[in-house]
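Shared chain: chain A. Partners: chain B in the first complex, chain C in the second.
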Partner chain A sequence: MSDLLDQAESRARREEGTHLLVRAGEYSCALPLALVRRVVRALTVHPLPGAAGELEGLAEFGGEPLPVLNLARLVSSPPGANPSYPVTVVVWVGPPEARETIGLSADAALEVVHVPAGSMVAGDGGFVQGEAPVGGEVVRVLNLEALGNEA
Partner chain B sequence: MSVPHARGFLLVRAAGGVWGIANADVDGLAARGTGYRISACGEVLAADEILGVVEGLSVRPAAPVLRRYWSELPAGLAVYGRLPVVVVDPRYPPAALRLGEEGRQPGPGRAGEGQSGEGQSGEGQSGEGLDEARD
Partner chain C sequence: MDAESTLAAVIPGVPMAPGREGRHTENALVGWILVVGLTLVGYLLLALGSSAGGPSWPRHVFLGLGAAGVISYGFWVFPYFRRLELRLPVGRERWSRLETELITAFEQLGAGDLVRSIEHTRGLPERLAKVSDAASAALSHLAQQIQDSSIEVASAADAVNEIASELASGSSEQAASVVEITAAMEELARTASMIAENASRQAELASRAEASGDAGSASVFEAVTGVEEVQKRISAIASRADGLGTRSKEIYRVLDLITEIAQETHILSLNAAIEAAAAGADGRRFSVVADEVRHLAQRSQESVESVRNLLDEFSSSIRATIVATEEGSKEASRVLERSRAASIAIEDLRRASGDTSRVAQQISLATQQQNSASDEVVMTLREVSLVVQRMTGGLKNLSSTADRLNTLGLEIQLLAQSFHLDSPRSLKHLVESWARQLEKVPGVTEKEAALEELVRHAPFVELGYLMGLDGSTLVLSFNRDLLDERQRSLAAEVRKTDVRTRPWFKAVSRHWRTTLIPPYESMQNSEACFTVCTPLLNPDGSVAAVLGIDINVTGWTRI
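The block that comes next holds the complex of A and B.
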């Protein structure tokens, strides 16, 4: 019985640490996989006049209007090379009781990785939760719930 | 010309975006140079192009994350065909729609003038197009 509980706890911890790694400018960013709804080829975005640089505009996704934010701008990454397969990552942001769906434009979706909580060096305590080494590279681990909180 | 008080929304293109105004709010519509002048709720708005009048627009409140990065106060968001539409309350028009607003980015002009054709075909329109809305 105790073994089963240990296994379940271990699996839950592992799922918590499972992230989708994406390229945003020169940075690699890890998005909590549990909050990723879909990765699609970059959606057509219609700009909103007067919007901040982070907000690329509105797209249509599944018949609904979808605000699309530029991930590289959100993490203050220098621009990278022209992406050959840019994507929009459709994610949930905000606290569980008030989730919103948004799109994050990124240069590429790379792979699914495990980021152990203990390997992370704390970040700004907000959207950039911290930095962690993954496959010989330092990646920004993002807190999507905080993105919805920082209103 | 003027727009009668019909159900639905007047869809316009301005400053590169697509905007929806409730027909009930529209008092008048007139050609102005290469664009249009719209009177609504006592405000005068400007549009580069009239896309048509549509019914059954499912308007949703703007997400808080959108409001954080955009200072305008849209009445809601919708999708028409595959075009995202910002539904505006004419009493609080966004700068992009205000007539004579400094810094307003002019659109590319009327339909067919350098447009991609997106949203101009009348696809899925209710039949209450501009022609029928004219006096």
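The block that comes next holds the complex of A and C.
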């Protein structure tokens, strides 16, 4: 596990600026590709009693339970059209010293894009790191490490 | 036998001749002298004969006979004539009285007064009175019969006139009706000709319609067959479209599978890109492949979307086709149903056209026969019209003849009424009886009331009046059933007139005898009337007034 985290950190440093573009409601969000572990079809989520609004429940991934959060709710996006092929993006979150694997349910996984650091406008400094134009569309660049802190 | 000998035979004691009165004794004496003279002459002649040698006895015989004759004449003939001469003045006086009665009776008879003529014959000898009464009675009876007959003739003439007038009026109406019927029949004949012509055309049109109905029926049958075939083909198209729909669903399932594969491939390419990024520099080639795979998946997905869109359009077209075929099938069913109904209707129409054609032909024949019959009726009606016109003319002649007959009856009645008969129908008798009744009534007012009552019971009297000798009107009594208010007011104008100028007054005042005035124009209604008037006497026999009654000639038959 620690190896994988190390590899992720090193990859994060290498792949700085490369993001996975996903659709969450009406927003497009860019997830740092270095912290993305896997993209799978929407997993079957088992809701947890008394869970918060963003937490959809627990899913099974690789033989282990995986908490799944609703990305659209995380970025406060209005609900979009009924997705034709929803996905669950398995990511590492939290600071490098305490990373965890969670699932983010999104409406679609679009593509891998490069977001230049200079083009990004600073966001709230939290989970939404900032906004940047990608392919003529403004996307929200997410900070998964900050999500780990909030979680 | 001359009249004188007849009178002498009827009236005993009537002298032979008025010119020989007072000479009977002288004549008898002359006769006795002649007998004596003749006896002496005969004796002398016989004496001369005996002196010449003849016998003497004839002389003595003749002398004896002569003496006997003279003596007998002196004893018997002379006294007879003497007595006759003594009776002569009495007989002459009686004869003069009888002559006066007879003359008066004949004068009354000549005046038409059969009642008074009989009264004047009562002094005549029995046989003469009987003969005179019998003659007067026969004349009276004859006059009454003439009166009755004239009334009956006039009444019959009135009835004939009325009937003739009604018949003439009816004939005129009949003639007018015949003319109208003739015109109507001529119009009917013309109409019948038009009907026959139209019926022929209708029969022809109906025959054509029947033929057209046959053709139409065949066409509709073909149309029904064609529509049935179209319906079958539409059903086949619908079945095939349904099959295409089923196939489209399968294609959709395949497309879903392809889409899913493309999504999986896309996710796989993303994971490959993630892994390539994790591999660092070693994974860059792999990231290129992953990117190509992702592009390929994306293109596949786009192609699938294109195919899906096309398939959507295709499915939509198929659904539209199915709907259209269903509607077409329904429409074909409706068309088929209507075509079958039209076929039945055309068949009915064809049969009806056939029936119409036959009926129209029958109508044409019937109207042609009716036309011929109408022509005959028109000819007959024209003949009837001529007959009716002639009959109308004849009835008008009959009416005028009846009028003349009525006038003639009136004239006869007036002639008969010129006799004073002892009959209630004799106007002179009536007026005189009224006069006798009024003479007994004392005052003018009472006379007026009495005359009013008398007029009221005489329905044929239009007006009764009592006029003074100075021409003034004393009493006027109207018959309210015959005169209306206006006519009564006009009659009252008589009071302002001096009636002495009226012809009836002049006539009655000529002899103061009951008189009948021929018809003249009445003052009250300007209609013809005749008057009967008689003097009204005072107790001393002098004339006090004149009583008159007016009788309208239109109502005289009520007498």
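The definition used in the following text is that the second predicted complex is superposed on the first by the 136 of 151 C-alpha atoms of A that agree within 3 Å, B and C clash if a C-alpha of one lies under 4 Å from a C-alpha of the other, contacts with A are read in each partner's own complex, and residues count from 1 in each chain.
Heads up, the rule we're going with is that a residue touches a chain if its C-beta (ideal position, glycine included) is under 8 Å from a C-beta of that chain, and two chains touch if they have at least 3 such contacts.
If you're wondering where the values come from, they're calculated on a predicted model, not measured in any experiment.
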Simultaneous placement of chain C and chain B on chain A, clash or fit: fit
Partner chain(s) touched by A:Glu60 [first = chain B, second = chain C, both, neither]: first
Touching partner for A:Pro47 - first (chain B), second (chain C), both, neither: first
Partner chain in contact with A:Ala24 - chain B first, chain C second, else both or neither: neither
Chain A: partner with more touched residues, chain B or chain C: B
First, second, both or neither for A:Tyr85, with chain B first and chain C second: second
Partner chain in contact with A:Ala106 - chain B first, chain C second, else both or neither: neither
Touching partner for A:Val39 - first (chain B), second (chain C), both, neither: second
Shortest CA-CA distance in Å separating chain B from chain C in the superposed model: 21
For the chain A and chain C complex, residues of the former touching the latter: 7, 11, 14-15, 18, 20, 33-34, 36-41, 84-85, 87, 109, 111-112
Residues of chain B touching chain A in the complex: 15-18, 60, 63-72, 77-79, 82-86, 94-96, 104-105
Chain A contact footprint on chain C (complex, rising order): 259-260, 263-264, 266-267, 270-271, 273-274, 277-278, 280, 291, 294
Footprint of chain B on chain A - complex, ascending: 46-52, 54-55, 57-60, 63-67, 69, 93-94, 98, 100-102, 147-148, 150-151
